[in-house]
Structures are given as structure tokens and as C-alpha cells.
Amino acid sequence: MKHLRSIDELGVAGLHRLLDLSDHMAEINRRPVPKVPALRGKTVVSLFFEDSTRTRLSFETAAKRLSADTMTFSVSTSSVNKGESLRDTIETVAAMGVDAFVVRHKSSGVPWQISNWTDAAVVNAGDGWHEHPTQALLDCYTVRTALNRPDGFNGLHIAIVGDIKHSRVARSNVWAFAALGARVTLVAPHTLLPPSLEGWPVDVAHHIDDVVDRVDVLYMLRMQRERMHEALVPSLREYTSRFGLTPDRADRLQAHALVMHPGPMNRGVEMAVDPAELPGSVITQQVTNGVSVRMAVLFDLLGSGSGLAGEAS
Amino acid sequence: MKHLRSIDELGVAGLHRLLDLSDHMAEINRRPVPKVPALRGKTVVSLFFEDSTRTRLSFETAAKRLSADTMTFSVSTSSVNKGESLRDTIETVAAMGVDAFVVRHKSSGVPWQISNWTDAAVVNAGDGWHEHPTQALLDCYTVRTALNRPDGFNGLHIAIVGDIKHSRVARSNVWAFAALGARVTLVAPHTLLPPSLEGWPVDVAHHIDDVVDRVDVLYMLRMQRERMHEALVPSLREYTSRFGLTPDRADRLQAHALVMHPGPMNRGVEMAVDPAELPGSVITQQVTNGVSVRMAVLFDLLGSGSGLAGEAS
Amino acid sequence: MKHLRSIDELGVAGLHRLLDLSDHMAEINRRPVPKVPALRGKTVVSLFFEDSTRTRLSFETAAKRLSADTMTFSVSTSSVNKGESLRDTIETVAAMGVDAFVVRHKSSGVPWQISNWTDAAVVNAGDGWHEHPTQALLDCYTVRTALNRPDGFNGLHIAIVGDIKHSRVARSNVWAFAALGARVTLVAPHTLLPPSLEGWPVDVAHHIDDVVDRVDVLYMLRMQRERMHEALVPSLREYTSRFGLTPDRADRLQAHALVMHPGPMNRGVEMAVDPAELPGSVITQQVTNGVSVRMAVLFDLLGSGSGLAGEAS
């Protein structure tokens, strides 16, 4: 693997390889000193053209636990604002000896462009509405461990509920869940679905009550207030009434069913119940697993095969 | 010790323990390579909801000298601005595997709230007008070393001069100085004292000339220009005439008396003399000691009892 | 060497010493693990009062490869905004135990002021229109390696083209190129030359066509749009016609001639040709060499003579 720009460029075998490697990383993270020398001397640069403290911290924690050096390139303080082209910026930073770029950008496709301009590895940390492959990986890893499914998701039914249209999480997760064998149902109003779902390995429902009592995983997406202003939903109250996870609905979940959310949550909107009171909530585990999965990705891209055995000195 | 939210939760024994430990850290800081592996693999996150470069740098220096990994969470670039609750933010960052949060917030009590939401240690780096316990520790350590008082401050007279009402430094320092045995006098106009001093182990004066020639420590607080706009003082000139340290007053200090200031100074207002020309000024030592004291706090919270002996590799 | 504030305070012998040391650093940078323990336990603070992501990242990469701890002091979040004097800020940060300050400031001379206030080493990373000594070093190192001139630049002809008047790069580079023995020609309109060139070891041309086919190095400066608004050039198109590197002119360069640029480039203005299509372009090497040269500077200032041999652990 040279880059991780989209989840499908991994292939199913690559997906399994990274999930297996994440197991190893999770074991490191449970040690008293959760640090290994695997990426000593490697430099990982966070290139965040859009704010995302949680994703940036997760990648930086992952890089530091592998002993890589980390640097942050924040667009607000960069020459990009002086009219320098993105390409010149990338080539300049790369020439300092960068091994990996972790890229967040509001435009779809930027990670692909960047990977054309540099020999460094490029990890997509979210591009527009397009892809967020490490989110899909951490979500698969969370389902795999929480439901004890190391060999795949055959027979599992996963519903993704909410604003599919504007969600890079949904795009990446649909592919990954389906590739591992799950049946995926999208639950959303027509206005929050993409214009076409041709080729998506999914079925569709228009009311959360159609799926809530039969799924193994209920994956809730963040509902942004902007969608109301854009008249895509009549009101947040209306949205909650048809698509929110309320206490009543939570009671109708199967006993073993997981509740997931990529964060940040909009409490009282899609999460109309306190996740701390949901026995099936694995929202905190998703965050914890994010570090292990990103360690796996960085090691797979930059590691030399050794360096996981010892302890960082 | 699980957290350091207020100075009084340390107790007198805890105060002495941390000051003794600070001696050890100061010795490390005098080495050619001032770094030990004590907190290798630990992650310390600076959560600064209010700017304070000096305090943040001091904590980060302390953490790095103990070989901890450090990360900064700056509120201006965080999801807190997207309406995510503080609690969700803390729980999310904590789930990545944080060992300690260093918290600065403009609202009193936030460090206590945060400590309810996470298993990580919480260090209060200043909450509103309330508390700033590491400032009190570094000030005690500075008095202890500069006046050679390892066993306590019995018989010492310390005056704290200025805007007591709005000062978290004053609140923390009064408790700490008194707990170590010092007599503490607050020197301020009525408008800059709290509405009630009931229970404060202090006496009060309303003119710096009442104390300047008899104290062992003259502790000057920063006078903020805002107080003039709020009509709490008639003018800065008037303030200086009654509460400022002028060259004349500096001449009247006892030969052994210390002059202290938590910084940043307002030169020409409370400091109407150049501290570089005051033989008793220990203002620079306060900053230097701040690193040792914060190393002691972080080690006391996160250390395993070993790791101070060797040299960081 | 105690500081690096200007290129001429190095002297010719110092210049050669740092270029020789850069060779050693470049060798480290080619290793699989490009990291040595040379500055373990040292703290390097970036004090950037003016944005420059590329320069800051280059210094931080250099510091980390020598195992120093790095911290960034960004003026926008500092007490400098609360009216604290620059001197108090520096003395405070220095008191925490800083070994070197890397300073970028829009006012000429600030690095000299700072060096009066602290025992830490001061490296000028660009002060106003005045000096940028590490840029001159990396440019000399690039010429030296690309043209294989380890003993000096006797017989080389270097043209610096563009806005000399407002360029700290030009001021530092003229001295360094000339000190190493090169003949230097400045190519600029009268409006973009300093009022007097008395004492500058240069000759002057007013059209790029006067030099393009005879120089060994063509050093292009960034042309800022502001100059047009200040009426120093009639239009950018006019500027390009007399001073830009166009494809035609690129064809007239000698086969061995180098094209250099300090970045960021203004494509279509001074660089009216794609540097990727110029065989003589060493613009990317300049950036790569910047890390080696800054490692040499930091090691020369802070190193103890050992620590380059082993590998960082």
C-alpha cells in the first residue's frame, strides 16, 4: 500500500490486513508504556485545510505512539493564503523530507491530486463529502471487536441513518461494511440521499422505525443545522421524529445491537437519548479504536516490517 | 493525588511533598541534559480555552523534560465552536488515551466538571478568578529556596498587593502561604477586595506604605487597565501612587526582602521600578521554578515512582 | 559562534565551517533513520511574529532530527497582545530554560535586541527587509553541491533578479556569494534597488537579457503584487517582459547554469516557465538543503561536539 485515499483502493484483503494489524496496535495501546520505535525518524505532517481537532489529535497520537515526529501545517497561517499554489506548497513541504501527509480538505479529490505531486504517502483524513477511509476502518474494527466477528460481517445488518448525501463517512462506510459481508440499509429522507444510488450495495428505508428493531448495528450520522436552513428538512424536531434515536426507539433495539456515531453528536437531534445510558453504545470505543487503526495505517504505509517488537526507548 | 484542581485539596503534607519533589526536579533541570524518562509513553494534553502562552509553554516544557508526549487543544479550532458540548469534547479526547489534561478556562469550576467526566488527571492551570494552584506552588517554592526555608514559613510576613478581587493567583497563594505558616497581609483598595474576607487567614491594609518596610516578601499583582474603565480605580496614576512599587518604596524594603510578580508585568503601573534594578527581585526565578514545580506535579500525578533515576534516552 | 543574526557575522571561515558541517548533516538526512541524539534535552523555541510556515517547518524538522525539543510561540496567542513588552516576553520564555530562539519579525534588528536580553542563542529567520542568513547558507550550500564547488565560488557569475530593495534574501545572499568568491550582478529596475549600493560588492543590470546567457546561477526573487499597487512597477506584465524567466530565456541559459528561487514562487510573473521543465532548476534542492543547513546552524550553536556519531535512540 502506497497511499490511503479511499477505502476501496484497499481491497477486501487490504481491509482484513489492516484490521488484523489494528489488533496488534490495540495490544500496544493497552501496555503501561504504549509506545514502540516502529516509525522512529519518520515525519508525519498533518495538512488540515479544514478544522478537525479530534481527527488531527487521533492521527498525532497514533504517530507519536509509533515514535514518528509530527508537524502540523495549518492553512490559516500558510503561504497558501499568499496565493502560492497548493502544488508548490506540497512540493516544498515534501522536499523537507516528509514521509506521510495526513490531509483534510473541503474539496473532494484533493488527496489524489496531492499524491501525484509527492513521493510521500498520502492519507485521506476526509475530503469534502467524498471519503473518510480511516473512519470506515475504525468503524469496521469496532464492529469486529464488539460483536466478535474477526472473519467478516456475513449475516450482519447495519443501518446508516441520516444525512447520507453530505456524508463522507457514509460513502466510505457503505463500501467497507458491504465488502466485509454486511447487509447495509440507508435510512434517510429523499432530500438527504444522493441523486442516484446506482451501484451502491445498499437498500433504502425512509423511517428509522422500519429498521430499529431488526438491525445488528445502528449507525447514526450527525445532523447539521445547516440542512434545515437549506430547506432539506422541514425542522430539526421533524427530523428527530422520523430519524432520531429516542429513548422509545432505544428500547426497541435488539439486546446485542450496537449504536455508533462518528461524532461530534448533536444531542437532542439525531441523538435524542443520552448514549451513556445505552448499553449497546460503542461511541467511546470508536474513538479509542481510532488511534489503533491509524497506527495500523501509518505502520502499513511507512513501517519496515520491524520495530513493533521492542519498546520505544 | 489524583488531580490538582485547587491548592487546598493538596493539604499541608501534600504541599510539602510537592515542594520536596520540586527540589529533585530543579536538580534535573541543572543537568547538561535536563531530561528523564519518567513519563515515557504518557500523553499530556493542554486544553486552553483562554490564551496563556507562558503557562502553556511552562507545562509543555515540564512534560517534555519528563519524556511525556504533549498535545495542544486550542479552542478556537475545535468542535466546541460547532456546538459540541464540553463534556462530549472531553470524553472524546480522553478516549484517545490521554493521561492528563492541563486546563485553563475563564469560568471558575471547569476543572472540577472535567474531572467528573474522565479518568485522566486534571491540572487546573487557572479557572476564572478562582484558583491557579501551580502558581501558588511555584511561588512557595521560590520563597522557600530564596529565603532558605525548607521547613516552612513560620515568622515570615508576606504582603500581596493589588487587585485581589479578580485574582486567582491571590486566592491560591493566600491559602498556600498561610498553610506553610506565613502571616499574609492583603494590600488593596476596598473596590479591589472580595465582598467578604470571612475565613481568609489574612489581615488587610489599604496603602502599600503601611507594609513596604516590614515585609519579608512583597508580592505584586498585575493591575489591568480594564479596572480603570470599570471605575474600580480612579486612574492608573492614582493606583500607582498608593499601590505601586516605586523606586522610593523599593529603597525602603528590608535588605533580605523578596519582590515577586506572577507576570505579565504592567511596567509603570504596579511595577513603577525596573525589576532588573531590584536586588530582591526573584521574578525570573519564579518562571524558572515554574518548570520544576510543574514537573513535580505531573510526576506526582502520573509517575510510577521510578524513572527519575536514569537519563532519558 | 553564539548567535546567527546576520550572515556577515559568520566571517568567511565560519561560512565554510557551516557548509562543511552541512555536508555531514545531509549525510544523516540520507540515512533510513535520519535522526541523531546530538541536541537531546535542548529546547528550541520558534518565535514567529510574522507567518512563515515553510521556514518554521524547516527549522522544526532540523531541530527534531537532532533530537531537540521544539516549541512554537505564536504571537497571535501571546501576552505580547496584552501590552507586555517584547523584552519581558523574551526574558520570561528564556527563564523556562530555552537554549535557542529562532526569530522571524517584520522589523529589522529585532534578533539583535533579543540577543541582548537572553543567554540563549538567537537565530535570525528573517527580520524585515534586512537579513535572512540561513537562506543565504542554504543557497550557498546548493550552489556548492550542484556545481561541485567545495572550495569556493571563484570564477562563478551569479545574477540576482528582481525586487532587491525589499529583499532580506538579496541582502544576505549578496554578502555570502561574494564572500565565497563569486561575481554578483543585481538585475532590477531602478525603483526596486536600494537608494544606494555603496559598499555592495556587486554590479548592476537593468534587463534580464543582459545576463541570462552568461551566468552560472540565475537567482530569481519573488515579485510581490503589492509593488504594482505601490507604483514601483507599471504592471506585472511589464515586469515579466523585462525581468521574468520566460521559456525563451530559459532556452538561452548555459547548459550547466542553475536556476534558483527562495519561494514561494509567483508563477506567471517572475517564473513565467514551469520550473519542473527546467533542467537547471535546483529549487527543490534548496528546500531539502535548508533542513541540512539549519541542522548545521543549530548544532554549531548548541552542540557539544559529540552526539553526531550515534543514532538517536
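A, B and C are the chain letters, set down in written order, and residue numbers restart from 1 in every chain.
What we mean here is this: a residue touches a chain if its C-beta (ideal position, glycine included) is under 8 Å from a C-beta of that chain, and two chains touch if they have at least 3 such contacts.
Please read these numbers as outputs of a predicted model, since none were measured by experiment.
Taken as a graph of touching chains, this assembly is complete, with every chain in contact with every other. Comparing the residue numbers each copy contributes, chain A and chain B share less than half of them at their mutual interface.
Remark: rotation between chain A and chain C after Cα superposition is 120° (nearest 5).
Chain A and chain B have Cα centroids lying 40 Å from one another. Multi-chain contact residues of chain A (touching two or more other chains): 74, 313. Only residues 40-41, 43, 45, 69, 71, 73-74, 77-79, 82-85, 88-89, 91-93, 95-97, 304, 313 of chain B touch chain A when the two sit together in their complex. Chain A meets chain B in the complex at residues 29, 31-35, 51-54, 57-58, 60-61, 64-65, 74, 225, 263-267, 284-285, 287-288, 290-291, 312-313.
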